[in-house]
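One structure is given below, encoded as structure tokens.
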Amino acid sequence: MGLRIINRRPGRGGALFWGALPFLAVLALYLTFSAMRLAENPNDKLLPALSTIAETVVRLAFTPDQRTGQVLLWVDTAASLARLAWGLAVSAALGLVIGIASGLVPYLRAGLSPFVAVVSLIPPMALLPILFISFGLDELSKVVLIVIGIAPFLIRDLAMRVEAIPPELVIKAQTLGASTWQIITRLVLPTMLPKLIDALRLSLGPAWLFLISAEAIAAQDGLGYRIFLVRRYLAMDVILPYVAWITLMAFLMDWGLRALNRRTSPWLTRGMA
Amino acid sequence: MTISLKRISAFCLGLAAAAAIACSPAGAVEKKSFKIAWSIYAGWMPWGYAADSGLMKKWADKYGINVEIVQINDYVESINQYTAGGFDGCVMTNMDALTIPAAGGVDSTALIVGDFSNGNDGVVLKTGKTVADIKGEKINLVQLSVSHYLLARALDSVGLTEKDVSIVNTSDADIVSVFTSSSDSKAVVTWNPQLAEVAAVKGATKVFDSSKVPGEIIDLLVVNTGTLKDNPALAKALTGVWYEMMEKMAAGDEAMLTHMAKASGTDLAGYKSQLVTTRMFYKPAEAMEFTTSPQLPKTMDLVRTFSFEHGLLGEGAKTKDAVGIAFPGGEILGDAKNVKLRFDAEAMKLAAEGKL
Amino acid sequence: MSTVRVRNLWKQYGDQVVLEHINLDIPSGEFCALVGPSGCGKTTFLRLLLAMEQPTRGTITIDGKPLPGEPRPDRGVVFQRYSVFPHLTVEENIVLGLEFARAPLTGRLYGAKKRRALEEVAETIERVGLSPSRTKYPGELSGGMQQRLSIAQALVRKPRILLMDEPFGALDPGTKAQMYVLVRELWRAERMTVFMVTHDLKEGFSLATRVLAFDKVRHDPQAPEAYGATVKFNIPLDDKAERAEIVSKLPALAATENEEGATRGRPWARLFDFAGTTRRKRRESHERTSV
């Protein structure tokens, strides 16, 4: 006692406990509500028992669907991840190429940056009807939605990061005889790669959002498609594990990108730079 | 660290318990105030009029209760809200009544059979001319809705199955724009007013509609059975206001029709054309006759078979008999120990006899 | 050889005159220390020499040829900060200059070529004492090691002129002393013309063979921006034996030899009057800088 609360820190075990507490609280809350609702109505669909959820997960993840013969969870996951991967890859490529070009070449910056700034302010969801009409209902429009949603952010972020490269470094490279192209390949690209990966990590949330939205409106498979389909008959036993699964994947992708950063750019974490 | 783990756990448990008590579904006890949800559809527009015109208040006052009519923009959301306990009653189709509240264990009663779709739902092909031409096509529709059911019936009529086509789940809001402007949309199943718009596309043909399966897509007012049992006044007030409005509609009350047309986002002519394909039961006797006819259990058997085959009865349902459906004559379809959807003609009978 | 001649050089940013009326003749091999109060344009002058920026008026020539419009490998540079590439190891930083020259497309050498290049720079790495840290990243090095790395990196392309902008400003005194030894050694070995900006007079006088003191000679109290700094004192340190040994003679310099000789023996005395604005001093400085 006596220490100010801002100076009191949990120990290792304490941190673990405090970290787990909100999760446990949510779980406890769910179990309590679920048990109460089920006591009143054993068929309640809103807060199914964990056993019901487990049965559903077994059916979705390990049993072929009666009608299609496909294992739904994996079909949905593969479809969603493919769209997400395309969207992220195209956006990253655009971000890298346009971002670097506009950050490095004053003429391109003058030409591009107001346009990108305006485009980045368009709410992508508002464009969805137009996308469906211009790119059809298939994969393309979903990928394009993700790209429109996150590429402007990546481009602007990268352009700003390129502009923030200390001019000393660019001058130094020139005094070492580097051409513009060599400056890009040896200085700009390698130092921007970790920034791009960080920006991608920040874009994961919006990318998932746009993916799920596009799938909710028109699709034949995908995680968002399934959630919005079964919402029609309030199948929370499907929706809850799907949401948990999406969260887990988003978390793993974030973690994977961070690990990739450490691996490809060891200099970031070595020493004080 | 002075706060012990025990105290924290105790606190959390207490909090959870308190919250749970506060939020648990309302038990069936006698009460005075009721909430009914409705969403926009030709056959349901009178509910909006009932609220706006004061007719609902008139009838509720007559039976000493209070009824709030709430419009929900999203149809499925309104049913989900009802199922979760947020409303005492809600308008929905027979199929959704079976697959959402009933399959979700909420004992529900179809208090008023308002109409059935008689061409309000249809299958439209861009190039094909008959239902058989649909084979191998990609079809845009709201999956697991009555559109899906209608498609199954259409395919059945020419000996095809769902395996012969591929279905793209498409939001009803986007169906028109997709069909009119996207070349990869060749076939859609939808309802009015979208149906009229896609059918009007040049070269498109309406190859099948709900008038070919009359009486199978039924629009109901569904009320929680427990609430209804404990509060007979609610049934009387709702039935009373409904048939007063039906009388006005049948008599062609301009003011009422115009009000409903406006509320559904069209003009009087547009609304009247929607009514042409909606078989309204203007007289309670008609509705009663429909509800008590031996055709209804047959229709519901088709609907529950479709629902079960598409997994709509839920994880626990091992057969299509899982959810019991009761009919006015005492006939029961499926599990008699788990009757969750009841067709009741009593209130309509009272109305027909003029006893309200 | 790299004789640097500056003729009537002006640099302004809008209305603000930073440098005015600079005339210099620097013989090849000279080690120039650029001193003066902060904000007096020393660094701007260095940036002009580097061609990071262009003069508003006047010319700079190297061996009679005008300075190219952008930085080139003939002029190496060492900055106080951000002088090495953080994403490359010590070895990679140093070999980079060779890679730029030998791999125009990728800027990267592979296999045998890479090994040969690494062998070539091994001696340089050794000379700056970084052999044990060859595979470390700059972030893992101390400030002094980073500056040694930066110098070694700049020397790989064998520049004729080395420009240093307060290279030791952020180092502790002990490290500074080591760096002085290293820099003089390298200068003697490479015989480059060196321009070093420093705010430390003592450092300037002890390292350089010529001290260029920048300051304003004209002041307008109503408009402080109206006049820029110039080279107020141009002091060749002829008493240093090294100067005769390393620095070439400027044929054109002969006429002013006597005057320069006058500074011998009391170089410090001049600087005490740094901020002096007497008419006499001003006239004198003009004569001196307009060689």
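As written, the chain order gives the labels A, B and C, with residue 1 at the start of each chain.
Keep this in mind: contacts are C-beta pairs under 8 Å (C-beta built on N, C-alpha and C of every residue); 3 or more make two chains touch, one makes a residue touch a chain.
Bear in mind the structure is a predicted one, so any value in this text is a computation, not a measurement.
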Note to self: Moving step by step between touching chains, how few steps can get you from subunit B to subunit C?
What the structure shows: 2
Checklist line | Central subunit by CA centre of mass proxy | finding: A
Next item on the list: Tell me which of A-C and A-B has more C-beta pairs in contact.
Entry: A-B
Check: Hey, which chain ends up farthest from subunit A, C-alpha centres compared?
Finding: C
Check: If you average the CA atoms of subunit B and of subunit C, how many Å lie between those two points?
Finding: 85
Notebook entry, point to check: Just curious, how far off is subunit C from subunit A if you go by their C-alpha centres, in Å?
Noted result: 49
Next item on the list: For subunit A and subunit B, let me know how many angstrom lie between their CA-based centres, rounded off.
Entry: 37
Margin query: Which residues of subunit C touch subunit A once you look at their complex with the stated criterion?
Written below: 50, 52, 70-73, 75-77, 79, 81-88, 96-97, 99-101, 104-108, 136-141, 150, 153-154, 156-157, 159
Item checked: Contacting residues of subunit B [partner subunit A, same complex] -> 1-2, 5, 8, 12-13, 16-17, 19-20, 23-25, 27, 76, 79-80, 83-84, 99-100, 103-106, 140, 143-145, 162-163, 166-171, 174, 177-178, 181-185, 309-312, 314-316, 338, 340
Checklist line | Interfacial residue positions of subunit A with respect to subunit C in the complex | finding: 166-169, 171-179, 181-182, 185-187, 190-191, 265-267, 270-273
Next item on the list: State the interface residues of subunit A toward subunit B in the complex, per the touch definition above.
Entry: 1, 10, 14, 17, 21, 24-25, 28-29, 32-33, 36-37, 40-46, 48, 52, 55-56, 59, 66-67, 129, 132-133, 136-138, 216-220, 225, 228-229, 231-235, 237
